[in-house]
Every structure is written in C-alpha cells, then in structure tokens.
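Quick one: the structure is below, and I'll ask about it shortly.
Chain lettering (A, B, C and D) follows the sequence in which the chains are written, and residue indices restart at 1 in each chain.
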Amino acid sequence: MLVTEILSSLLLIAGAIFFLAGTVGLLRFPDVYTRLHALTKADNVGLGLVVAGLVLQAESWTVAGKLLLIWLLVLLASASIAHLVAKAARKKGIELWK
Amino acid sequence: MNNIYLYTIVGMGLFTLGLYAVIVHAHLLRKILAINVMGSGVFLVLVALAARNQGTAPDPVPHAMVITGIVVAVSATALALALMLRVRAKTGQAELSEESLE
Amino acid sequence: MTLLQLMFDTLLGFSLLWLAWQALTSPDLFRAIVLFIAFGLLMALTWIRLDAPDVAMAEASIGAGLTGALLLSALARLGSKNGSRAILEKKHQAGSMTENTKNQLPFRLLLMVLLLAVAAGLVYVVLTLPENIPGLGILVEENLESSGVSNPVTAVLLNYRGYDTLLELSVLLLTLLGVWSLGDMTKQHESFPGPVLSTLSRLLVPLLIMAAGYLLWVGAHAPGGAFQAGSLLGAAGVLLLLAGWRPGTRLAGLPLRISLVLGVAAFVAAGMVFILLGRQFLEYPPSFAGVLILLIEAAATLSIGITLAALFLGGRPKFSQPKFSRPKLNQPKSSQPKFRRHK
Amino acid sequence: MYTNDQKQHLQFAPGHSVIITLRTGLIRAVLFTLIWWILTDGAMNSWLVGVPVVLFATLVSVQLLPPFSWSLIGIIRFVPFFLWRSLYAGVDVARRAFDPSLPISPQMYHYRWRLPPGLPQVFMANTVSLLPGTLSAELGDEFLYVHVLDKTGAFASELMILEEYVADLFGLKLITDRSEE
C-alpha cells in the first residue's frame, strides 16, 4: 500500500514539473510555433503522469477508466488545436523565428 | 472577514467595473462584454451569500437561480449580438456615435 | 480557514477583477474576447470554491464556452464586411477621440465618483446583512424526499421553482425567435475548415452526446442536469457548424421547430395533466416526480442544445416550404409583398 | 449536411457494404456502452437513460464517421511506440525550455505523403505534434508541413518511421518510394 502511495506521489510531482516546463516554454520560446511545441508535448506528458499517479490511487476500474478517457480526450484536443493554431498562423503569414 | 465576504466584494467590484465600461465605451461589442461582466458580478454576490452560513451546506435556491441566470445571460448576449450586426448592416458601424449621444 | 486558503481566494479575486478590467479596456477586440473567455473559466473555478459545482459546470460550458463562441463569431462577421474601411474609420476616430477625452475628463471623474459611491453603498448593504439566517436551504432539505430527486439544485429547478425554469425555457425560445426575425442565415462563403477540424468534430460529437446523456442522468442525485447537458449538446452543434455542417432544408423545417419547442411543451404538458387530476399547475405527485422530472429534463436538454446551436448559427436556416402552400384568398398574386434581402 | 467535397476526404476505404456498416455500428455501440459503464460507475438504474443515449450516439457516429479499415496488431504495435516517443518528446522540450541558452533552431519541413488522404493523414498529423521536436502546421494534398524545433535533429527518418506505424494501424501498405517512379 505504501509503495503505491509513494509511487503515486512521485508521478504527480513529475507531472507538475512537466506542466511547469510547458509554462516556462510558453513564456521563453520566441514565436507562436515554438510555443505550441512546448504546450502540446510538455502538457501531454504532464497530464499523462498526473493521470498515471491518480490511477494508482483509484478506488475502482471505472474511476481509472474515467481518468484514462480524460487523458485521451485532452490528447486529441490539444494535438488538433495546436495544428489549427499553427495553420491559422501560417495563413496569417507569421514568419518563423530564426 | 472571511472568504465569503471577499467574494461578495469582488462581485460588487465586477458589477461596478462593468457598469463603468457600459457607460464609457461606444462600441456595442464592448458594451455587451461589459453587461456580461456585470451579470457575473451579480451571480457572484448571490452564490457567495448562499454559502454564508459556515458549517452547513450552501443554500441551493440561489444556485438554481444563478444557473437560470447564466442561461438567460447567454440568450440575451446572442440577441444583443444579432442586434449589433443589424445595426452594423444598417449604419455601417457598430458604435453609438458621439452625435447620436448629444 | 487556513492562511493558504485565504491567499488562494485573494489571488483568485484579484485575478477576476484584473481580467475583467483587461477585457473591458483592451484596445483589440479579439484580445478582449479571449480575455473574457479566460475570465469565464476563472469564474467557474470560483463557483467550485464557493461549493456550487452545478453552477461551475453551467459557467464553464455556457458562460465561458458558448458565450465566447458567440462573441468570436460575431466579431468575425463584424470584420468580414469592409474590414479595412472599419480600421481606417477607427484610426480617424482615434484621432478625434483624444480631443473628446479631454472634454470628457470632468465627466469621467464625476462618473467614477458616482460609481464608487454606488459600490460603497452595495458593500455597506451586504456587510450589514444579518448573520446566520437559515435561508431556504433547510426548507429544501426537509422536502427533498417528496421532490423525486436527491440533488437539491435539480429539485429547486425542476420542482419547487418549476415556474422559473419553464419561463426560462420560454426566454430561450423567444430569443431565438428574435434572432430569426432579424434576418435569414447569412450566406457565408466559409472555406472548408480542413480535415483536422472536421475529423475532430466527427470524433467528439458522439462523445459529447454521451456526456450530455450522463449529465442528464446524474443530475438527479449529483451535480449536473438539463442545463449542463443541454449546453454540451449545444457545444456539439457548434462543433458541427464550425466543421461546415449545415442543417439540410428538410431538417430545418418541421423537425427543427418541433425539437425547439419540445422542452417547453413537455414542461407545460406535465403541468397540465395533473390539473385534470385535481392538483395545481406544475405540482407533481411525489411518486411520479422522479420519472416526470427525467422526462421533462430529457426534452429540455434536447431543446436547450438545439436552441443554443441555432443561436450560434445566427439566423433562420433555409427550409423547404410545405408542398400544400395555398394561395391567399382575396389577394391577387402580384400584390404579395416581395422580400428582398438587405445587404 | 456536408457537401460532397467535404465528405470525400473521409472515404478512403472504397466499397463499404451494409455488412461493414453494421459491423462498425456494433463495434462502436460496444465501445459507447463501455464508456457509459465507466461514466456511471456501472449503476444499474442508469441504463434507462443509457440505452437510448448509446444508440443515438452510435447512430450519429456512423453517420459522421464512415467505417474505416484498421488492424488490431497495428494498434498493439503503435501504442508502446507512441507512449515512449511522446514521453521522450516531453523530456526533450522541457530540457530546451529550462536550458538558459534556449537551444532551438526552427525550420518548416515539407514531408511528402505516402499515406492516403483521410483519416490516416489526419491521425498522423495529430500524432506528429505529440512526438519529439515536430508540429504539424498544415495538411496539404501532397505534403505535410511540419514545423521542426531543431533542424539538426533526425526528424526526417522519424517521420518515415511514424508513417509506417500509422499505415500499420489502419491496415494499409505504403508505396515504398516515389522517387524511383
């Protein structure tokens, strides 16, 4: 019991670090395209780790299923939205940062 | 002074901010935004007061009223936006001009 | 209350005020709307802090989501017509504005003083309210068993204050009629939104339907209910519309109209049936209340969802005329009014 | 109602019959039933609402997304590849974000499609954005426009590998090389 709790906490903390990395990237990266990189990839891993940490604590299969469903939906949404934002930026003629 | 009164005051601050913006801005879209902020302020006061009694569950009646209010607010916004587009189609601008105010 | 909680509440409160201020003063309208959406999401967080999860769900989906979508689509329509001219006009106005604001300065100062007085008055009234008033919460709790549901908010919405909810559904319907009477759906030559958005909407719409059904069911005993479910259905509709789907002429006729009034109709019907049995309007016998509320909510969910999506569409969709259209008596054909679409 | 033009990009699997539609409907109904069970914690009294909702969702789903071919083995091979590479992508971008010298050198790369248009291309475009250093910026007829975070990386071969995994997932065979034609 204790092992899963420790593992779960470690996963949650790791997840939070990735969210922080995504935010730092959002602030530090120079243009819209590079910021999208930071958001999609770091937040995907961050949420994945948080979900994994919570699944370890889940009381039942349905709760674990719900968490997994949330992760998949966010994955789908963030990948699609990143593509749409990048496409809109290209259409608007925003140049790449060199 | 607990957090309930904090939120009540924030709610009234939002209401006042919104009211100021409604009066000052000429652009209709900004007026619509401002009215929405005013509405949020009112809702905030209502729900904060519903949670006023420490230790008991919050009063569900204001909650239900606020849900009703949110739905009415979105429909009012939709109608206002449609009217704004109509004004724009008729007059060529979506603002209440200075002349019409005087 | 711990210090940490107080800090969080203070931060949240200030963020709300700051975001509202930014949204209302930002010179760029697009930016203003995006900030307003962020404001809506923080409001949802605030509802959670105030123990109102039902309200939080309604706020996140309607207050932030649908209102944001409506505002953005209206902004796009504002900009699409002679956009460059509007910008020129604005620049011109900005020049004259500075002069005006100089003249307006005393007026603005006066306004601020007046508004500060209003705010102070409001704060005084609230802070001097009597403490520990039981409110209606106890009454709701005592009668919960006879309401047919165990979520107090749903009980208030669909049973105790059924009148309010019925009228609210009517307001929603009236709004749509108002929007429709302002003109037909504008023929927008939107470009094909691209396969990614199209696929996203095709994947998400069935899942949104599932989620709406779930909220409808769970509303009886936990946060959720017809309004939250309806707004999810509305969101599904908005997604479909964004991906280029338009109701066909057959669908936009009678089927659309029936589904729009279904909520109000079911509500009124449920109220009327028991008048015949010697009860009052909207007074349900406790043994039937649960099933009745579920039926009304199912109809209301459908109506709310479709009404919200139709509001996003922004005008009456084209529908095929019924085949049996009769010519009007005593009126020669030539004198019938000809409708012309305004530019 | 979508126009024909809009529908076209989804119909890469030619000649579906009633049987295929029914089978797809059945599989999706089972999937939605599972999701309903997860959502409601398996509450028995929820099926009164659940059955019509699942049926409606299935109907809408089959309407919106026509049946497509896929392979179970492809999925089983894809999942660990994706999990590992997306974890690596997160670590990679986090490292770059925290590095004081900000080691990035962006480039727009034109990747020539081997996959057929429709769901496979969309799936790949979405996956690309979650893999190390790449972001899909536009889905063209001939090319996938990929924004690359670091042009010195081995992104080109990585994209080829990914495309093969995606082709596997949809039970497709890639045309090996176009330049030889």
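Rule of thumb we're sticking to: a contact is a pair of C-beta atoms (placed from the backbone, for glycine too) under 8 Å apart; a residue touches a chain by one contact, two chains touch by 3 or more.
Here the structure is a predicted model, which means the values were calculated and not measured.
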Notebook entry, point to check: Which chains contact both chain B and chain D?
Noted result: C
Next item on the list: Report which of A-C and B-C is connected by more C-beta pairs in contact.
Entry: B-C
Notebook entry, point to check: Roughly how many whole angstrom separate the Cα centroids of chain A and chain C?
Noted result: 30
Next item on the list: Take the average of all CA coordinates in chain B, do the same for chain C, and state the distance between these two points in whole angstrom.
Entry: 13
Checklist line | Centre-to-centre distance between chain B and chain A (centres being mean Cα positions), rounded to whole Å | finding: 33
Check: For chain C, which residues are shared contacts with two or more other chains?
Finding: 194, 196, 199, 203, 207
Notebook entry, point to check: Which chain A residues reach two or more other chains?
Noted result: 76, 80, 83, 87
Next item on the list: Give me the residues of chain B that touch two or more other chains.
Entry: none
Margin query: Going by the touch rule stated at the top, which chains touch which?
Written below: A-C, A-D, B-C, C-D
Check: Given the complex with chain C, which residues does chain D contribute to the contact?
Finding: 1-3, 5-6, 9-10, 28, 32, 35-36, 39-40, 46, 48-50, 52-54, 56-58, 60-61, 64-65, 117-119, 121-122, 125-126, 139
Checklist line | chain C contact footprint on chain B (complex, rising order) | finding: 2-10, 12-21, 23-25, 27, 29-30, 32-34, 36-37, 40, 43-45, 47-53, 56-61, 63-68, 70-79, 81-86, 88-90, 92-94, 98
Checklist line | chain C to chain B touching residues, read off their complex | finding: 1, 5-6, 9-10, 13, 16-17, 20-21, 23-25, 29, 32-33, 36, 39-40, 43, 46-47, 49-52, 54-55, 58-59, 62-63, 66-67, 70-71, 74-75, 77-78, 81-82, 86, 89, 100, 108, 111-112, 115-116, 118-119, 122-123, 126-127, 129, 131-137, 140-141, 152-153, 155-157, 160-161, 164-165, 168, 171-172, 175-176, 178-179, 182-183, 225, 227, 304, 307-308, 311-312, 314-315, 342-343
Note to self: If we count contacts the way the header does, which residues on chain C are in touch with chain A in the complex?
What the structure shows: 194, 196-197, 199-200, 203-204, 207
Next item on the list: Mind listing the chain D positions that touch chain A in their complex?
Entry: 34-35, 37-42, 86-87, 89-94, 96-98, 102, 104, 106-108, 125-127, 129-130, 132-133, 135-139, 145, 147, 149
